[in-house]
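What follows is a group of structures, each given as structure tokens.
The two complexes that follow have chain A in common; it is paired with chain B in the first and with chain C in the second.
What follows is the complex of A and B.
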């Protein structure tokens, strides 16, 4: 009896759900093959000494210990990347919010200004980098302007003290228009009655900003920071094109170092770097999730 | 009538507001203008002091160079092939899967979807190196397949489209089913046409991401015939035989297609970008 009904129920099950599973089949296969399996393999390699040519040699947590305690360049890259994120995430969203607040003042030519801020967001980081290398050139536009003002040349990308800052500027210039557009849309979605009510209660402009605008923007601010921090920690293109990590490792970043180790065929070591990066991002995501949830309660 | 409810009253002087807006916009546009100008200058005037704000004389030699000697048209063609194919893949596979997750019932649906969302958190670098080896195992390294196939669908795209499809009324789908449509028929005749604004957002995100992508194409291609625009441009920049005018001509050719598309589809771009961030 059961033997006869079992296939029937399977057939009915297949008939009912097969189409749905078929619809998700390609993405699921793609995720398993190109994301899940590589993730697991990468973690296994991070516990091994592996060049890709010989068989992996298990070394437990040695790669991680080496990276975090002995590898001065990696520690420098952690420091540089964190500084890059801190500076970028201070400047970018601030500029984005200021420009959005200005554009929200019912200005004329709003779409022109918005386009101007947004244009670099469309262009690839490689393009932005080649443009800024030329501007930063020893004899480039910036130094020519400085000379004509009676000042002396600056080694924008050749001075180890300045190089990271120069990369930050180029990156902020490229990216803050994204925040402008997001903040502007959020500002425009705040109901006008809220401001009117606040005014009736006698709130001044700054109080309105603090008690109406900021709380209403909070979810968007959290969104911008999550996207921004995760993206900035993965900074690579600008470093690859503008500085190659130099001078004297002053712009060495986590992913650039990972790329270098990958090229050196130290695949286990590079995988450990990837997992350290992953760990940092998980911590940030968790903190932001806590912050955004804590505020809502 | 009143505008006093607006914050930032200290911008009371409208002229100050406009001045700041104009000056900052100029700071955004000057680097682009300077790039275009430099690409049209003779080599000896590129770093001239005082700076040459208008190229004089104008030369198109650098463009001729990058198109004939460095084959930038080939990079352009590669970028186009990869971005268009991958975007078509996204439109079909992401929307189809999103339809299943939004509108069909099947065991494990919500659990699978939740696990997929977890995958969104994984930075690409974590799976990149084994992915490169998988491409090697398939003999796909240095072929279009490696540039396209890992990119024909994405968790983010499915998530985006699912959010969009949730708002389609079930009655419409049921009506189509009663009329004898198969599930795929419902998808093709009802869901896809209704999802077009969402598809536009998906297309913009995907196309832009793939067109501008650098790390993966850099790693997975070796031969110049397969370089995409960003890879070719970075290569040009790093070669010490290339001159500044050629690099700037290459920069213009790399940036221009995206800028033109953006200027024509600005509204869709802005709406697409803000769709994910601001919930009504």
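What follows is the complex of A and C.
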């Protein structure tokens, strides 16, 4: 492959961009190798009854039909995961915004608080979940407080009405520091003058927040929600460590169910679950992209 | 200049990509020559050495690792590539390697994994490779009938049972003495004893909403999980329902049991702080009690679990299996036989505190010692007795679904969401549906 055989313009082009394309080639190749090919293979599996040990049996869309119309546990896991996302994405960003607003005031030890809020984010979810199991214990901190208040114990992880909520609390505690840091950075980038102008126009604190802060934060809010929803729909670690999907499937989530099917070597079925999750996330990403684009126009 | 740089960068990328692709392909290549060599015959004069990959999930107290040195000494033509994994990792990695090729030549398998792997033909049939004998003893002589049944699937022997697990009753003998109670033999006696022991949330019988414990109460009432041909669900039959009802009554009606859920913590905490006075579990828990609650020495004893009509328990444990895609089956079988020699099997007890599965090892005086922790009684003998009537879980491909449905029913019962009959009927319907696919 000598350059001499190419026309001059091509040679010049190659000289100019060859290195650039080479550098791009590395991530592209790794994406193809570790993402695109597995995705295509996984999609093929999702159309098959496949254990990995025996030859795949083509079943067309049967896995999808079974999952969405017959599989009560999967439908329950869809419901649970959506509830988890709704609760988590209500509590998390709200807490994140509140703490960011407080830290944005000229509080003392600001960097200490910022680090403190961010520390759980850097801690492994498995560690966080293990700590929360202890807090939720029959004789743990929360139940001790309840008993001291003259109330009775609560089965945080054993009552099916509470278990999912308990997992949400632990997850929000672990994650909202991320939102705090993002919101804080965005708040600090809002020009002072805007607030000063608003003040001159006679806007109170609430009006300033509503007419200056919120519009300026909008792109960041959209970002936080995109990242948050995609992440929350894939909730797994907390469930794996804290509840194993129980009691009575009250904390069964999509990825935990996928994992159970993978462990049972139902690779076709598990792949179909993965693709349903993928489609859900594509829809959400598209909606949010539309929302953010609509605002910019 | 540029062209040189380009070629250099390209070749590096190519090398990276190729090496990534080539890695899995290398394994079969190195294994191929080993297959050609019959390892079972005498060591050739100047041969290459067969390397066996052994996966072991026992952990620190493993009885398998100490076998390597003497085995290699006795078999100079075989080298052991020993890999210590934990239980979970072994299962995950087995899933991956069995489906993608490669992997170990000998692996420790939990018998609860057998339904899936055996029904998919993942393990080598040991019958032909062994010539019908394990270290010169016929298989049906080497094991009790229940143990042999547990390693048999579709008339094949898919693993050599290395240690076994059956459930017996652990109880606080010191409290029994204080209150002048006799060890219960029947369910009614158990109920009466539990009522006398319980003091509020202390000294309770442990209720576990899982298949291990649920199946025990079903077996003990003459019931079963599935019909002998593995075609029909039977855990909602009248005997089974009555068994589970009796179990649930301890919790729901008599309130002398504690539902041991996730937020109760580890059982050992309940053992130490006095919430649990009785529970049902396997011989491995003797080792946990001794190491985690040494201060309670002399306060616990073991007895056959009380029953309705007959004693019963699930039968599980650890098997040594040779994956079907191993290319060194003969050498692997040599290692399995070595591990199953009586004196090595005794090490399962001595080193890991687990129960050796081989009848000869079970009956050896080194295993049947008087244990000071358990009041100087031969605690092991209790489990040996339980083993004679224990049954393994049904070996069907859909076992994971059935297990999940049954566990869910047990949880619904323990929470008072459904009656025993309704919960088990629903689980049976779900399981039957799974079986039809």
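Note that the second predicted complex is superposed on the first by the 272 of 297 C-alpha atoms of A that agree within 3 Å, B and C clash if a C-alpha of one lies under 4 Å from a C-alpha of the other, contacts with A are read in each partner's own complex, and residues count from 1 in each chain.
Here is the rule we use: contacts are C-beta pairs under 8 Å (C-beta built on N, C-alpha and C of every residue); 3 or more make two chains touch, one makes a residue touch a chain.
From a predicted model like this one, the values you see are computed outputs, not experimental measurements.
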item: Partner chain in contact with A:144 - chain B first, chain C second, else both or neither; value: first
item: Touched partner set for A:169, first chain B, second chain C, both or neither; value: neither
item: Chain B versus chain C as contact partner of A:269, first or second or both or neither; value: neither
item: Touched partner set for A:246, first chain B, second chain C, both or neither; value: second
item: Touching partner for A:133 - first (chain B), second (chain C), both, neither; value: both
item: Partner chain in contact with A:158 - chain B first, chain C second, else both or neither; value: second
item: Between chain B and chain C, more extensive residue contact with chain A; value: B
item: First (chain B), second (chain C), both or neither touched by A:260; value: second
item: Touched partner set for A:118, first chain B, second chain C, both or neither; value: first
item: Partner chain in contact with A:277 - chain B first, chain C second, else both or neither; value: first
item: Residues of chain A at both interfaces, chain B in one complex, chain C in the other; value: 19, 26, 33, 52, 133-134, 137, 139-140, 262, 267
item: For the chain C and chain A complex, residues of the former touching the latter; value: 2-3, 5-6, 9-10, 13, 16-17, 20, 91-92, 95, 98-100, 116, 120-122, 209, 259, 261-265, 400-401, 404, 407-408, 411-412, 415, 417, 430, 433
item: Complex interface listing, chain B residues touching chain A; value: 3-11, 17-18, 20-21, 24-25, 27-29, 31-32, 34-35, 38, 47, 49-51, 93-94, 96-97, 99-101, 104-107, 109, 112, 116, 119, 121-134, 150, 152-153, 155, 158, 182-184, 187, 208, 211-215, 218-219, 229-231, 233-234, 237-238, 244, 247-248, 250-251, 254-255, 258-259, 262-263, 266, 269-270, 273-274, 277-280
item: Chain B contact footprint on chain A (complex, rising order); value: 17, 19-21, 23-24, 26-28, 30-31, 33-39, 41-42, 45, 52, 99, 101-107, 109, 111-120, 122-127, 129-135, 137, 139-141, 144-145, 147-148, 173, 177-178, 181-182, 185-186, 189, 192, 195-196, 198-199, 204-206, 208-209, 212-213, 219-220, 223-224, 230, 233-234, 236-237, 240-241, 255, 258-259, 262, 267, 270-271, 273-275, 277-278, 281-282, 285
item: Residue ranges of chain A touching chain C (in the complex, touch as defined); value: 3, 15, 18-19, 22, 25-26, 29, 33, 51-54, 70, 72-73, 133-134, 136-140, 155-160, 242-244, 246-249, 260, 262-265, 267
